[in-house]
Amino acid sequence: MVKYLFRVRWMNKLKLSFFNRSNISGDLIFEAVVGFFALGIIVLAFLLFRELFIESGFSRNAFGLSFLTTSTWDPVNEIFGALPFIFGTLVSSFLALLIAVPFSLGIAIYLSELAPEKLKTPLSFIIELLAAIPSVILGLWGIFILAPFLRDHLAPILSTYLGFLPLFQGPMYGLSMLTGGVILAIMVIPITSSISREAILTVPTHQREAALSLGATGWETTRIAVLPYARSGIFGAVILGFGRAIGETMAVTMVIGNSPRISESLFAPSHTMAAVIANEFVEATSNLYISSLIEIGFLLLLVSLMINIAARILVSKLLRVEGGGRA
Amino acid sequence: MENKITVENLNAWFGTKQVLFNIDIDILKNQITAIIGPSGCGKSTFIRCLNRMHEVVPKARATGKVLVDDNDIYDKDIDPVDIRRLIGMVFQKPNPFPTMSIRDNVVAGLKLSGVKDKNMLDDIAKECLTKAALWDEVKNDLNKSGVSLSGGQQQRLCIARALAMEPEVILLDEPCSALDPISTGKIEDLMIELKEKYTLVIVTHNMQQAARVSDHTAFFLYGKLIEFGDTRQLFKKPKEKSTEDYIIGRFG
Amino acid sequence: MKWNKRKIIDRIMSSMSAACVVIAIIPLLSILYIVTINGISAINLDFLTQLPKPVGEAGGGLGNAIQGTFVVVGIACLIGLPVGIFAGIYLSEYGENRFGRFVSFLADVLTGTPSIVAGLFGYTFIVLYFGSFSAIAGGVALSVLMIPIVTRTTEESLRLVPGSIKEASLALGVPKWKTTIYIVISTGKNGIITGALLSIARISGETAPLLFTSFGNMFWANGLDQPISTMPVQIYTYAITPFPDWHAKAWAGALILIMLILVLNIGVRFVTRRKYGM
């Protein structure tokens, strides 16, 4: 009996609280607290930009825009030009895309259309596992397995049959632009294939059925009904892959040779923006040297973020959250 | 027969689109009032204005007075949260909390309001499950997940959950539309039992249900209250032509 | 085109796309195989518990690097998990406005921050300010990578909680903040935990942010404001030397790191398949 009396009394107290506003303030406090942390994201972005912008000031003032076009990187005489690294980043990333995109499309098509149901989940999980491998371990594998393989087996073939092209001339010692491109491709494939796959999955069944009912084969259906529809998503996937490639650091610096020279040959060693920072920052002695490296980092941040913005706008509905671009 | 709820000049909007126009209606105490009308006529919106759930949707608002026992629940000094302890709601699709057991589901509202006494909560759970005609079916499985029950059972669980808050009014928004006929029948019987202690307002698109279960019926069309009266009267001799058209199935 | 020719092309394309999958898996298999073969011989209790020895001396281990990884990742979690999870809660439950949409988009874009840039930030923001390399700087750099990911995974997980559950709670007279904490978060907690664990797996393997923040140390950790050894950095340091016995240690370290990360990844997927929050 006592229990119910208590309940009745408590209920009356509730009704008296018709004018009790503690719940309203509870809501306000909670929203303010979590909102504060959301504000933290903006603060983080702001600080990130600000720090790099300010610390690169010395170099920016010293070299201005010519920083982007000078190919001299001379720490001794304090002349710094980022061109070799910009070149290396762009070429290695384009090479990576050249290799990765066809593979990613093939994987995406296979996993969304052709694979037997039971294999779909395990296979896509395995591909995603590739993305989970830390960059430094990929680099380790790159130094001791991939580079020698490319040097001893692929390069001779390339130089025999395609050696008339400047791309495949000169000696191949293993650590080269080619190896860098290949290892970047391996890192780009998981994300590009997974987002392309999602883009393909958004194609409505009736599009496919329309093509099939006209007597199209599986491949023709994919080519005329599916891929065009998924075009913008696939394009977004490619751009995201590119963004990932340019920001990649460890695996690249371990296999690309770290030589700040611009060469026509893929067999020659090269360098990238991320790699030069990783390599030289700790030993950078002068303020100008450090500032130049930070300026390269700032450029990398800008380009990376712009690419990500473009990609996200293209793919905004399709993207899930497994992390867009990793380095 | 006295009024439990008196609605005066209720208007409601979603953003700039007005969906309820000058609703005046009396909901009588310990009676079942049915709200009928074609899809989109505003009946769900109306019922959600009675427990101030309408304004939870972003950019939704309502004006007017809703007097519960002569207290206007839209008074600016009142926290909507408190209203909802007085006026409970059961939704179209049963929505028990998926991470809680059956017993925890029933007392969820109480626990979140700070009631901690385990024995009291167990007693209340048993009492409400009994009132909701579910106790016999689940008494040995109180720790099973709330979502492991069938649709009809889940809906009765939701009713038990609403009852645990000791409301004075229970709003039911098409409570049987997702259920099979047998479960529907059980819930209709339950409603008739409940009206002894509670005031019920039910939205239904099923006219036969309204006729079976309710004492008074209100017919809504395009956001306006067209006719309101004794159920038998309204179905036998509707006063308005559009009411008659709806009842005989000319539209909706 | 003749039907036969079209069929042949169809078969070829199907085979080629299957081949793409096979070829893409080869590097993964190769890496796992090589790391295991090369690494396993060097792993023993000593390796896991001892400090590194100078070049030329046999023995020694990565004990301090393992310790350091836990420390630095731990610091990153202390910063990154609360910020990310609370921000994600805001975006999901209170974020239907311009501010919320902007922050969500920004967090999305920030997930693409290059990790070397995160390292530069850690350097300028912490190392320069306090005057030395430190575990804290490393943790901060890693949290820069962690926060956007955890924010977005939390947001997405909570958005998946059906609106009907929230309505049910509100209709019982439970205020919104209690609904969010006791109903929404408890229903979506699997997704939040998964996202957190995956982000931990990811940052545990990151090297670039640590190169000039936590830097490295030949000894056991002796303070959060001091440089500290970590597994990825140690693996890298050993890998680029010309000494074979340090290469062997690099492989061994790689094996440990991969096992840790794979266990986290597979474990997480296993958990989400079994337990359903909704």
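By letter and in written order, the chains are A, B and C; residue numbering begins at 1 in each of them.
By definition in this document, a residue touches a chain if its C-beta (ideal position, glycine included) is under 8 Å from a C-beta of that chain, and two chains touch if they have at least 3 such contacts.
Just so you know, these numbers come straight off a predicted model, no measurement behind them.
Across the structure, the highest number of inter-chain C-beta contacts is found for A-C.
Of all chains, the one whose CA centroid is most distant from that of subunit B is A. Per-chain Cα centroids separate subunit A from subunit C by 15 Å. Between subunit A and subunit B the centroid-to-centroid distance comes to 52 Å (mean Cα coordinates, whole Å). For the pair subunit B and subunit C, the distance between mean C-alpha positions equals 48 Å. The set of subunit B residues touching two or more other chains comprises 81-82, 85-86, 113.
Shown for subunit C are the residues in touch with two or more other chains, namely 175, 178.
Residue numbers of subunit A whose C-beta contacts span two or more other chains: 23-24.
Residues of subunit C touching subunit B in their complex: 96, 162, 164-165, 167-175, 178, 182-183, 186-187, 276-278. On subunit C, the positions that touch subunit A within their shared complex are 6-7, 9-10, 13-14, 16-21, 23-25, 27-28, 30-31, 34-35, 82-83, 86-87, 89-91, 93-95, 99-100, 102-103, 105-117, 119-121, 123-125, 144, 147-149, 151-153, 156, 175-178, 180-181, 195, 198-199, 201-202, 204-208, 211-212, 215, 232, 235-236, 239-240, 247, 250-251, 254, 257-258, 261-262, 265, 269. Contact residues of subunit B toward subunit C in the complex are 51, 53, 56, 58, 81-86, 88-89, 91, 93, 95-99, 108-109, 112-113, 158, 161-162, 165. Across the complex, subunit C is touched by residues 23-24, 26-27, 29-31, 33-42, 44-45, 47-48, 51-52, 54-55, 102-107, 109-111, 114-115, 123, 125-127, 129-130, 132-141, 143-146, 186, 189, 193, 217-220, 222, 240, 243-244, 246-250, 254, 274, 277-278, 281-282, 294, 297, 300-301, 304-305, 307-309, 312, 319-327 of subunit A.
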